[in-house]
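What follows is a pair of complexes built around chain A, which joins chain B in one and chain C in the other.
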Partner chain A sequence: MQEVDGNLAVKKSPKELYNERVERITTATSLKTPDRVPIVLGFNISFIARYGGVTVQELMYNYEKRAEIIERLMKAFPEADAIGSGGTLSGPVSDALGQGLYEIPGRELSPDVSFQFIERCNMKSEEYDMFTENPTEFLITKYFPRIFREEWNKGLTRAKIAMMKGIFAHNDHRAFWGNKRKKWESEFGMPMARSSMTKAPFDVLSDTLRGMRESSIDMYKRPEKIIKACEALVPYCVMYAELPHTLRIKDESTRKEMKPQIGMPLHRGCVPFMSLKQFETFYWPTLKEVICRLVADGFICRPFAEGDWTMNMKYWREVPKGKVILKIDLADIFKAKELVGDTVCLQGNVPATLLQFGTPKQVEKYCKKLIDVVGEGGGFIMDGAVGIPGGAKIENIVAMTKFTAKYGVYRR
Partner chain B sequence: MSLYTPWKKKRKEIQKILGDEKIIKESWEHYEKMVFLWIWSWLMR
Partner chain C sequence: MSSEKLVEALADLKEEKALKLVKEKLDAGEEPLKILEICRKAVEIVGKRFEDAEYFLPDLIMAGEILRRISEITKLDIEKAGEVKYLAKVVIGTVQGDIHNIGKDIVTFMLDANGFDVYDIGVDAPPQKFVEKIEEVKPEIVALSGFLTLAYDSMKKTVEAIEAAGQRNQIKIIIGGGHIDENVRRYTGADAYATSAAKGVRICKKWMEI
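Coming up: the complex of A and B.
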């Protein structure tokens, strides 16, 4: 892929840039009009690999290489106000534990494709009560032996050594990206798109514990069990989002602090995964509770409405005003502006197909419509519908960022 | 909800602390938090 010259005739210091970017995002989040429409570029790991001319496998093991390519991308796209660095799955951690949640490029998959989640049931129907009563106990004694292939099956000593290796590898991974985050903020003035993450309680249950098929059946066969499990998960989902901030060493600089943004990928809540009645019963009450608790504790929530959430859009009126950034994938973002634009900031949604197969002119036309309609009066952040996908044409990313930086100006 | 082995529980298991209890408590809780994140990272994906 051709390298982009980001025209680094930027005269501002990293600190000035950081403050400016934070101000832009913060203002849009609070539903006001910043100086211009903010731009977030969430680079998919496949895109980073393609831009750097390496395989995805290499990036899952060679963190330094991945960071070096991301720095090149930051220089190429100085209009970005925050970036995503391609996910948190690590090759060394996966190997140490023999984790079976994902197929990994270069292991089960071709080296040049992204990792793939494996849909599987890791909690039996009769284990609901055990999980609800003590989730941590359940995870250690039942879940881990099912998802870590280096675990119990190969003997206690090997299992314990696997766990130790996994934790060492995890700490290396965490420390590396923590340091890079600080470096990118101080040397590039670039905030990260999210500061920690959590999920909707129903998605925790459906994604990795019961699996799609079983959780769908449970909505008919054991509705009370799902509700109790989701309620039990609420404090864990909140704590998982908040703890990284209490552990992170406070930056002593005088930079503006962006309110921490909690990424929340939403997987199975929208129609047609479940009806609106099921959504109201099983999905929304505990997701809303997690969001409200996080907002009350001073966080900004950034749920990513994966799939088409158009039919579920009205519920977002119930979250605290100006504290939620709703990232839109396939939903009608123009209708979303009408329905919930006075409550949540909208982020998105240049379609992945357009970024991959369209022309720069077509990308500019779509961005213009987004800025004119969704950007009207503020409360809008420009982004790809699924971030920047692996197959995106570089000239289309250039068109999206340059056009938005120029046309998306509210005031000079 | 609390961390897996909260300090209150651990404190009862330690008969005597001759130095500053706060130092030990903070360290204990730090690693309790780290292990919480590690365990739950395998669900929050």
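Coming up: the complex of A and C.
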């Protein structure tokens, strides 16, 4: 792929750039009007691989390579105010534990595609009560032995060593990216879009514990058990998001702080994955609870409304004002502005197909409409609908960023 | 005993009631095949309710679960039983490199509910697997599913393989998934695209009128 040199006209120090970018995003998040529409580029791992001329498989193992390509992308698109570094599994962690939740590139899948989730039931219907009473015990004694190929439940030395190897690999992985994050903030003035993640309790239950089929049948056969299990998951979902922050050693070089954004990919809540009644019963109450608790603890939540959330949009009026960034995929973002624009900041949604198959002119036209309508009065962040997908044309990303940086300026 | 009660119980997803009625019918000497005909009627209603946004994915899955249990009792495969007259044959699969099955499964259910004879070749299906299945069952329609954006290239390769095998003129190809539009249709060389199961079924039905 052709390399881009995106040189900025005005030279600013990394510190100035960092402060400016943080200010822009923070202002938009709190539903006010920044100096211009902020731009977030959530690079998919397949895009990073293609830009760097390597496979996704290599990027799972070669952290340095991935970091180096990301730095080239920061230079190529300096108008970005925050970037996503392409979430993927760590190869070493995955291998050490023998994880069996995902098919991974170079193994089950071809080397150049992203890892993908394996739909499967990992918790029996009669195990609901055990899970609800003590989730930790269930996870360790029942769930882990089912999802990790190393057989924990047999008390084998080999399995214990696998666990230790997994923890070491995980710490390496965290330390590496933690250091890169600091370096990018201080040398490039570039914030990272996401600081940690969590999920909706129902998605945890449906994705990884019961599976799509079983959790659907449970809605008919044991609705109370779903509700109780989701309630038991709330503190875990909060902890999963917060733990990386309580562990991070505070950087005292007092810059402007960007409140940590918790990414929350939402999988199975929107129509047609369930009806609005099912949503109100099984999905929304505990998701809202997780969001409210995280906001109360000082975090910004950034749920990704994957799929078409148009029918479910009105519920977002119920979350704390100015503390949630709702990433829009296929939902009608213009209607969303009307419905929930005074409560949540909207991020999105240049379509993946437009970035891959469209022309720069078409991309600019879509961005103009986003800025004119969704950007009105602030509370909007420009991004791709699914971030920047693997097939996105460089000239289209250039069009998106340059146009937004110029046309997206708010008149004072 | 009238069959309406069973149709209603199944269409309303009342599992125990439906199973009880099936057992009663069997005890009364009803032909299992007749029971399956009644089930098909209920499946049509379930499909219609999904199209009308009255039913959603969990409801389709629950309907599938009740049918599975009826199959167990009657010891017959509902999908392929009886002298059902099909509108057309459809070969469906999620294209190579993509292992997402949910969208494909919804479309399969809906096509089945609308009278199509559906052959599902699963996920991560290489072009050659489509070609072989087309050779085997001679379908009128081929449906390519894909959730990830990488599926665009796999869909294109699949259409090309179908063309290279000399099968393109005998079939209509439809592609489907979340991030699919006219641009993707043109890129892949398919005949049509759909972003929802209901739209996909409408297109297939329209093709069969001609």
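The criterion applied here is as follows: the second predicted complex is superposed on the first by the 402 of 412 C-alpha atoms of A that agree within 3 Å, B and C clash if a C-alpha of one lies under 4 Å from a C-alpha of the other, contacts with A are read in each partner's own complex, and residues count from 1 in each chain.
One rule holds for everything that comes next: a residue touches a chain if its C-beta (ideal position, glycine included) is under 8 Å from a C-beta of that chain, and two chains touch if they have at least 3 such contacts.
This one's a predicted model, so the numbers in the text were calculated from it and none came from an experiment.
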Touching partner for A:Ile394 - first (chain B), second (chain C), both, neither: neither
First (chain B), second (chain C), both or neither touched by A:Tyr240: first
Per-residue contact with chain A, leading partner among chain C and chain B: C
Which of chain B and chain C A:Met219 touches, first, second, both or neither: second
Which superposed partner A:Val54 touches (first chain B, second chain C, both, neither): neither
Touched partner set for A:Leu339, first chain B, second chain C, both or neither: neither
Contacts of A:Met197 with chain B and chain C, given as first, second, both or neither: first
Partner chain(s) touched by A:Cys292 [first = chain B, second = chain C, both, neither]: neither
On chain A, the residue positions that both chain B and chain C contact, one per complex: none
Interface residues, chain A side, partner chain C - complex: 46, 103, 109-110, 113-114, 116, 118-119, 212-213, 215-217, 219-221, 271-275, 278, 307-308, 329-330, 351-354, 356-358, 385-386, 389-391
Residues on chain B engaged by chain A in the complex (per definition of touch): 1, 4, 30, 33-34, 36-45
Touching residues on chain A, where the partner in the complex is chain B: 89, 99, 101, 117, 136, 139-140, 143-144, 147, 167, 170, 197-199, 204, 207-209, 235-237, 239-240, 243-244, 246-247
Sites on chain C touched by chain A in the complex: 13, 15, 50, 53, 55-59, 61-62, 65, 96-102, 106, 124, 148-150, 152-153, 178-181, 183-184, 186-187, 195-196
